[in-house]
């Protein structure tokens, strides 16, 4: 994902963890400031636009809920791309990227679920319905958590990465199947009714803050991801140095 | 409407909580790792690729 | 003893520990129920307390088999058997640490799952309370099973089979107390007090039995 | 307060098979005993029986002159088995601090070594911050030996203490044993390697019924 957003020259730089750490160090302050700026603009827009005549103030929840949901799906896409990078091109940073995207993606998925249920309570009168979209999202959340648990359970980072990559890709392939089956399950039990909400056209009045917020959240995602990747590289370096310390003491 | 405002406030609160949680996790983790790295380097342990002199 | 408690807590929460797995298992089990039953909110609300209880029961049995087996495999159990500290106390503290790491989180996330199952606030609160009172009993009973199966090479599943019949009373009183809070005629307090009594009873019996079993199984 | 470990007519069996019978021993403070013999002759079982981890068929084990005569003998023993009793996920220092706290006895007045110093003694100085799982097999064994130092026990039972150790570390084990004996302790070690323990009694296990 990120590779494309940077200059071609830096692709080789990216493959080298040391250069990546340096690059991340230079890039992070800019990304962080951009994120803060976008959030400032976005939040101002969120609260200055008019309330919807039908949904009232609750429409403002959408400005968080929808970007969070997009980011949750993008996070998994980033992980899937990284998993492909691990398995196919054996890119040394791909498994770092995959591992670090999981907690961030899980965070955004949780946010989407929470805001969704906070939106649903005044709109539908209940915190949670087993609607197809919500249910699929809940399954996505479980998949994220499972991956985090898998990453934590393995002490050998390299081996964990390959196994996790397989699981990520199987999950990715499985997403349409899950979506389809959940849709089928849902319509089997209850006709699509009240649960369809704001599906089609969004008033341009609401589109502007939504887009800015989506951009802000995307920047936030990449800032966090980059920082987490840098930390992960440090973590691996520490592990390598500790092993070396143990070996060094043995030869001494 | 005020009841609905509470839901809006709760959503933004939740967003703040999640974002703050993620940011503090990333920052604290980075700080802890950096400190460990410094401690190891002060103890005179060098990485093979960086040191070159190590056996 | 604090040292043992903190060590076990550290082991459970550090990389590879079982605490997170238990919570995820709980989440997954409860999340799968609506797929079996259908998304009928009324039906889900009715079976909610029972589902939460069964999910919590299975999730707390999940990591129990490692409670003593891990100690035995690396030889720490031998050293523990030789101390001045009574073995009963060691077992009790290990159970306490195990419950703190994997039982308490289940109790804490149960309200969230209650929302998924469309349960009423009163039912959610009652289920959480009964889980708080009942999950220690599951851990303490499970410790007996874990101690009995400690010497077996594949004890994992056996522990669950040994323990499940013994925890039936906990399940009965836990679920009935949770339902009593919602359905009017039945009183909440009697089954809840019995549940607490069971927990306290096994706080005494469980560690003692586990200690005997551990002594016997050391070759 | 001189004490003495007295073993009278000790016998044990595994299942139906007797492993050893009527072993009699007297070890005074500062004494050492080397248990030797081929594989499978019951060296480990003998040590485990002494440690109270294996049931004895017959005989008595007494520690005369112990601080609390009513306490079981096993509470005055350190047992180092084949396995190191350390958690891979904890650091070496965390492991040792735990055992030092866990093994400390009420009213203990005997000197104990702080974990850092104990690691220094076994040649692992400065490695306390590493997770135990990062260490090599020999280093792990040395860390396990450090456990003997962080809590005081008058009698050490060592089952193959030099397993996985190199020659230099074997010398270190010999020094540890000598130090413990000089401080008035008793050491019983099962080994098939030639350990240099001056003035040690020996017990050769031959598979069945060994006179001391």
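Things to note:
Per-chain numbering from 1; labels A, B, C and D assigned in written order.
Criterion: a residue touches a chain if its C-beta (ideal position, glycine included) is under 8 Å from a C-beta of that chain, and two chains touch if they have at least 3 such contacts.
No experiment lies behind these values; they were computed from the predicted model shown.
A count of contacting C-beta pairs for A-D and for A-B identifies A-B as the more extensively joined pair.
Ranked by separation of Cα centres from chain D, the top chain is A. Remark: chain B and chain C have CA centroids separated by 33 Å (rounded to whole angstrom).
Remark: chain A and chain D have CA centroids separated by 54 Å (rounded to whole angstrom). Look at where the CA atoms of chain B average out and do the same for chain D: the two points lie 45 Å apart. Measuring from the averaged C-alpha position of chain A to that of chain B gives a distance of 16 Å. Across the assembly, chain B contributes residues 43 that each touch 2 or more other chains.
For chain A, the set of residues touching two or more other chains reads 155, 242, 245. Taken residue by residue, chain D touches two or more other chains at 89, 126, 129, whereas all remaining positions touch fewer. Contact residues on chain A toward chain D in their complex (touch as defined above): 155, 242-243, 245-247, 249-250.
Residues of chain D that touch chain A in their complex: 89, 123-124, 126-127, 129-131, 133-136, 138-139.
Residue ranges on chain C touching chain D, taken from their complex, read 2-4, 7, 10-11, 14-17, 73-76, 78-85, 218-219. On the side of chain C, the complex with chain A involves touching residues 15-16, 20-21, 24, 27-28, 31, 34-35, 38-41, 44, 115-116, 118. Within the complex, the chain A residues that touch chain B are 18, 56-58, 60-61, 64-65, 68, 103-104, 107-108, 110-111, 114-115, 118-119, 121-122, 220, 224, 227-228, 230-231, 234-235, 237-238, 240-242, 244-245, 248, 251.
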